[in-house]
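Below are two complexes that have chain A in common, paired first with chain B and then with chain C.
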Partner chain A sequence: MVRNLERRDLFKLAGGAAVGLAFTPAPWKLLDDLSIWTQNGPWIPKPLRGDITTRFSVCAICPAGCALRAQCVGGQPFSLFGMAEHPLSHGTLCPLGFTGHHLAYHPLRAVKPLRLEHNDAAVNAVPISRDAAIAEIAQAIQSKAADETIAVIDGRPGRTISLLYRQFLAGLPNGVYLREPSGAGATLDTLQALFEKPVGPLGLDLENTRTLLSFGAPILDGWGTPGRIMNLERNQSQLDAGQRLRIIQIETRQSRTALFANHWLPIKPGTESALALGLANVIVREKLFDEPALQRNAIDFKQGDNRSYLDLIGQFQPERVAETTGINQETIVATAREAAQRGPAIALGGGDPGGGPLGEAEEIAIAGLNLLLGNLGKPGGIVGRSEVPTPAEMRAAAAISPSELAAIPDHSIRVLIMDAAESGNALPWTLIEKKLVPERAVVVSLSPYLAGNAKHAHYLIPAPAHLESLQEIPTLDGAECSSFSLSAPLLTPPDGATEPMDFVRSLATAANISLPGGSAADLLKSRVAAIYQNGQGEIFALADKKLTEIKEAGSAEKLWDMLKGGGCWIDSKGEMAALPRFSMLGKSSQGFEKLSLTVKGRLQPPLPGEYPLVLMPFGWRGAVGNGQVSPLMSKLYQESGLRDIGNQAFINPDTGGAMGLADGEQAVIKTQLGSMTVKMRFDLAVMPGVLHVAVGPAPNGTESAKEIAENILKICQIESDSTWRVTPAQARKV
Partner chain B sequence: MAGALALGWYSFPRALYKKIDQPLQFSHKVHTGESAGMACTDCHSIGEDGRFSGIPKLEKCSMCHSAPLGSTSDEKILVEQYVTPNREIPWLVYSRQPDNTYFSHAPHVKLAELKCEQCHGQHGASEQLRQLEMNRLSGYSRDIWGQSISRMRTREDEGMKMDDCIRCHAKSGRVDGCIDCHK
Partner chain C sequence: MDTEPGKYRYGMAIDLDRCTGCGACMVACAVENNVHPAQPRATERTGITWLRVFKVENGEPFPQNRAAFVPMPCQHCDKETPCISVCPQNAVEMDQQTRIVTQVPVRCMGCRYCMAACPYHTRYFNWWDPKWPAGMEKTLNPAVAPRTRGVVEKCNFCHGRLQAARAKAAAAGQRELQQGTYIPACVEACPTSAITFGDLADENSEVAKLARDENSFRFLTRLRTEPKVYYRSTQPFVRQLAESALERLKKEAANG
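Moving on to the complex of A and B:
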């Protein structure tokens, strides 16, 4: 009997086949294979094949300069490690350093020059040839008005290219060389500024310090060279309890340093200056300092015009400071006694990498505390070190001095060049924007990434990414001795990448400015030759993994080879010249008034009713917006909570509850500058009324430049001293 | 339904994997047997720096095979096509992992004290090299997925996917981070 096939039969057949197939591995295996197939497309970078080799270099992601041992396949690094014998980094690498070889493949990487067109909030990136971009930038330089300036902002001063920038700017009318706001070196820079005449570079002899008063410096979380701090911590266990370093962390947020310090003093936001001057009050009142020694050099310690340092700290009685800072009177007195009697002691400012510098008044107050503690030029205190030798032809660069952004008049910069190197600290675009000539300013970024402040530029001339070019690592802020290393390239840069040195040279040619000749490597070689000819210090070579006298290198060329192979030069300990006279109130005639104003803190209570909270951004070095983090790490942080990712906000549960917020939910933070959506987290360790928001890294690092949300710095208030760490804010549920 | 089941369980695996011959045959048994008397580590050693030598280079073979040792066709191919022109043998690797995966033999052999056989079975005693079954979509060897298309493992060493690594690590109490294996 023949039965005609009906439509129902076809449905049955298809249904049966579908059900049958679902009970086989075929669909599931195909899904798995297809997902793998999509990962094998021609757009995915392919690691090379070949011999497994080991190469050495130095990490240049941040200024710390940790030594790297790279395992390579076919010459391409696939895994990075520290180098245990290295005298500066002691085998330590931070998580960013461990994944540094991923950065060349970052999704936000720019591989050719771009002209960035800004339409409202959108950025349109149009490829442009390098020569055309340089011609247009040179044209902008030439068309500047008489009162406008041309500026370069350098994330890492002290390098050979820094000298080249200064030489270039010296050849221009109104050239300005800017340093990014300093982190680790802020207190030492401020101390320098208090002296009548320069005393040379300063460093910290932390290895012999017994008490460290850290005003928010992330000492245990990415300060200085991580290996130095880890080594110091490791060595503590071998010392008697009385000789060990005690870290007293003075910080509003329970940061990692606050968590692991010997003592955490949670201080009300923006009141560090009041506390530093309050501690000085106790030290002076109880005569816990060497008054004759101080009197010999201090210009304004005690004078008859009622505007002396003594008059200033007289306003900062412990009971008044306790009210301002939220730290009880007994603790203030005990901390002052400990710092004065358990020496050598150092007071250190600098601030948080995301929250930015503490401010001029705070740093002067902290520097004054150091002068009172009498730690200058003494073991365990603030010590002198020498400059890294500079070749004679580059010394002319010193003609133009570095300036801080805060010192530049608003709306004065016509052309701004932002260097490729990252300081590791945040620099809000709102602060830069304030300094630009409205409408007509031209901003050039040399960043390898179309991200962070580079997104606001008009031209992006991408530099080679990390490990793609030869970089120099000069002395890190706060280091006890001068040092110099070279970060040898392990990868080949794309054709469209431009060495910043080549860029500045081409721009100089277009602007008819003469700069020292030779390639980037030639200039670095001349600096290494200057170090060799100077004859001071020791060299660490990988061949024997020992420190030997620099003369043992044999020649400047051999020293160059040693440094390129992962070695480093370390100067001998410097001697501090006799202390010149200094002003404890700063050189400004308004120093007394400015410091007096801090008696109530930065945010004079009460806060405006509309903005009852204090917004404080925070971050960690290298992951605060401009420098990129390997997507692998940002994904790990996003999923593990090991680090707080960008725009995650922390609030005390009582404060949050009173404002109708909920843990884990989204909320909108509003300030006078705008609003931003964040993910709210309740945390008992947060001070009531305070809102801590992470600056970076971006949630998973795989978005395109268009998709990435601005970080919280966009709505942080920039104060007159170019700080942004406390902003009145409100938070409401979405 | 029966047809679909047959297709999914029988035909699909055969269609998915392409069988490829090795460039020449090689007998582990002959090399490790009485006549040659070699140990596994003579060719597959872990150096002082922890680096595993992997499949030996031609240089190693040339030490004995500069002239044919015997009259087999594979011996002739070895000498004429590879040793004499000094050309590396393009062995097909059954265990090749994706490019983003890092595997080190040293901690597995030296620290965890795993035997070679635990992962490689009796490969060291094999008389000839089996064909490589290459997945037509992903390009990886069938050894990565495991012989059983359903992933119902019949042997402890079957499969080299991330799940297999994690299962074994979990058994020995290892807690891993992403960058332990993905560099």
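Moving on to the complex of A and C:
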């Protein structure tokens, strides 16, 4: 019997099928497959395929010069590690170094010359040809007034291009060669300035030092060549307790060095000079120094006019210094005795790079402490080292000496060229800006990135990024011996990138100044040839991974090849010339008065009622002062909370509570120069009354928060000696 | 070659007295394993860090306050491994030769049971498609496939390096891996040599000796999962962390 199908049957079939289907794996499989299909597609990046090779170079992100072993696929580096056998870096790379191959692809990368037009806060970047930009800059140079200057600010002094800049500036009527405020080398530079006549470059023999008084230097957080310090630390366990290096960290903030130092002295902000002179007071009072030697060499140790070094430190009695610095009297006395009796000892200034350099008075006081400790020219102390040989055709560069920004009159720079000084998160733009001729100044940045101080420039002539060009790594500040290595390129730069050497030579041609000819590589080759011809020192070659005498290289060309292949030249330990006479108060006639003023610290208490806090910026060496950071690295630090980046301010819970602030909430920080909004973080490790704000690239580098690190420096007070470490501030709830 | 089950028991010993919290291990790990920079809005809960370095403090007021840094990769639990037990897809496995807990992303369906089960919170979910800034995808490690959105990932003691070491040993005609020929990226990167890696089954290995150090400890040992990552610290407040974490969990359980 055939039954007619009804509409109801169709409904039953459909319903039954639907219910039945739900009990089969089919829909779930379909759902699973659908989700897989939507997750996989051409948008998922695929690693490159090709031959895997290993290439060697040297990291040029910062001046430390750590050796690199790059694994490459089809020539493209995908992994960077250190080389354990390398005599300078001992296999160590910092986190920034591990991500060095990312920097060429940073989102803020500039790949062609730009003219930057500034309209209020906005920057309009207009592409311009390199020749047109150079013609316009040359025009600005030629149209400068008689009292205006042309300046180059060099973030990496000591390179061959540094000599070229100096030669270029020597050809101009008012050329000024500027160095970025120094960190690691500040104490040694100050010492040089105290001598009656030059003694040649100085270095630190940390390998034989037993007591290191670090005035805020980030010794265990990237100072110098990180591998040197880490190697030093690793070797400590093999020494007797009495021979081991003891690090005494003198710093307001509980930095990583403070955490891992043998002893941390939490000092009140801006009172380092008082402590250094207080330590000197104890050493002199207890006669823990070589008095005849000091009497012999020091011009102003004891001169009977009530303005001598002895008179100065007489004002810095331990009890008074204890009140100023917040460090108790017994600790001051014990520290002074340790430095004097557990030698060789070194006192090191510099400060952390994010917080800015210590001031002139602080560095003079620290340098004076070194002179008192008598560590100059002795093993474990401050030692002499040689200069890296310079080709004969570049020696004219010595005609123009380096200057500090602080020494330049305000509103005097007509044209400023910034090389390797692009990082606006460590060098405040406000400090540079006040030196420029208002309205008429032309600023040229050679940064590979449109970021930091480059955004304030009028022309951006982007240099090749890290690993895109042949770079030289001269001796690092504080190194015991001179060294020289080459960072061989592993990547190809974009067409629009310009070698700074080519730029300055083109500019010189346009401005009718004669400079040595040849390409950038030719100039570097001539320097390598000068090193070979000098015949001193040893070469580390990758072929046998050991040090051999330089003559073993065979020729300058072979030395060049060895250096390009990741090797390095290291000079033998230098001899210090006979110690000349020196001043312990500085060469300024006002030295005594300036140092005397520090007896109460930089911020004379009480702080103004409206600004009861002390604002102190801080930063991590890897993330500030060296350009950009890989977005991957920023992101990891952001998520782990490991590095305090950008938009957060740290305050002691007691201080914050008393000011009506709450942990994790927004607050406004205000100084006499402006205000900014931050996220307030309560931190038990912060000294009461202090406000720490991190500077450094913001997470991911492309967010609106990237301005914050620069903005915090805008509201920091820049003092007459170009420091910005301590600023009276207030914080209030939004 | 090294196919005998349980012959190796790879593990780590991390000396917290030496760790300065520089993060080199974390960065080297991410580069080695093609961890992507994620979205700018990623947080500590939604971002991916196979190895995350935590800062821990003693809670004392200034200036007695002290801190230490604790690198926390997957703990590679040797017994009753929670993530293996709960995975419905068999996407988590214990490699019987090496005792390394491995994750198979292609099997993972993203249910995140393993994340809920992991007492150490060392597993991470891909909330977004893997994305690198333009051009940076050229820097990916060809030995490691990027994972897709919707799957869980975690530390596998650099599986790509293990395979490369095995291939190299085989090419040299060696049947077994020589000591030191296989180390994860974090171990190689650590500038203070705070991380030691090796075979815990070899009593004479450096890592086994460090694991037996009187100041060594492991986190949440009362769960009896036998983690293969050991820590060492001479600071009592750091060692107490291993127990206090459990105390906190107990309190939370008691309070519902």
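Descriptive notes on the structure:
FYI, the second predicted complex is superposed on the first by the 666 of 734 C-alpha atoms of A that agree within 3 Å, B and C clash if a C-alpha of one lies under 4 Å from a C-alpha of the other, contacts with A are read in each partner's own complex, and residues count from 1 in each chain.
We take it that a contact is a pair of C-beta atoms (placed from the backbone, for glycine too) under 8 Å apart; a residue touches a chain by one contact, two chains touch by 3 or more.
Because the structure is a prediction, the values reported are computed rather than measured.
With both structures placed on the common chain, the touch criterion links A:79 to chain B and to chain C. Of the two partner chains placed around the shared chain by superposition, neither chain B nor chain C is touched by A:609. Using the contact criterion defined above for the overlaid structures, shared-chain residue A:636 touches chain B and also reaches chain C. Touch criterion not met for A:304: it reaches neither chain B nor chain C. In the superposition on chain A, contact of A:23 is made with chain B only, not with chain C. Contacts of A:242 after superposition: neither chain B nor chain C is touched. By the document's definition of touching, both partners, chain B and chain C, reach A:40. When the shared chain is aligned, chain B and chain C each come close enough to touch A:52. In the superposed model, A:256 makes contact with chain C only, not with chain B. Residues common to the contacts of chain A with chain B and with chain C across the two structures: 39-40, 46-47, 52, 78-79, 98-99, 101, 632-633, 635-636.
Contact residues of chain A toward chain B in the complex are 16-21, 23-27, 29-30, 33-34, 36-37, 39-40, 46-47, 52, 54, 78-79, 98-99, 101, 632-633, 635-636. By the touch criterion given at the top, residues 1-5, 7-9, 12-13, 16, 49, 51, 98-99, 102, 135, 137-140, 145, 149-151, 177-179, 182-183 of chain B touch chain A in their complex. Contact residues of chain A toward chain C in the complex are 32, 35, 39-40, 43-50, 52, 73, 76-81, 92-95, 98-99, 101-102, 104-107, 220-222, 226-227, 230, 233-234, 254, 256, 259-260, 264, 266, 631-643, 652, 654, 684-688, 699-700, 702-703. Those residues of chain C lying in contact with chain A across their complex are 20-24, 26-28, 30-32, 34-38, 40, 42-44, 47, 49, 52-55, 57, 59-63, 65-67, 69, 109-110, 129-142, 144-146, 148-151, 188-189, 191-193.
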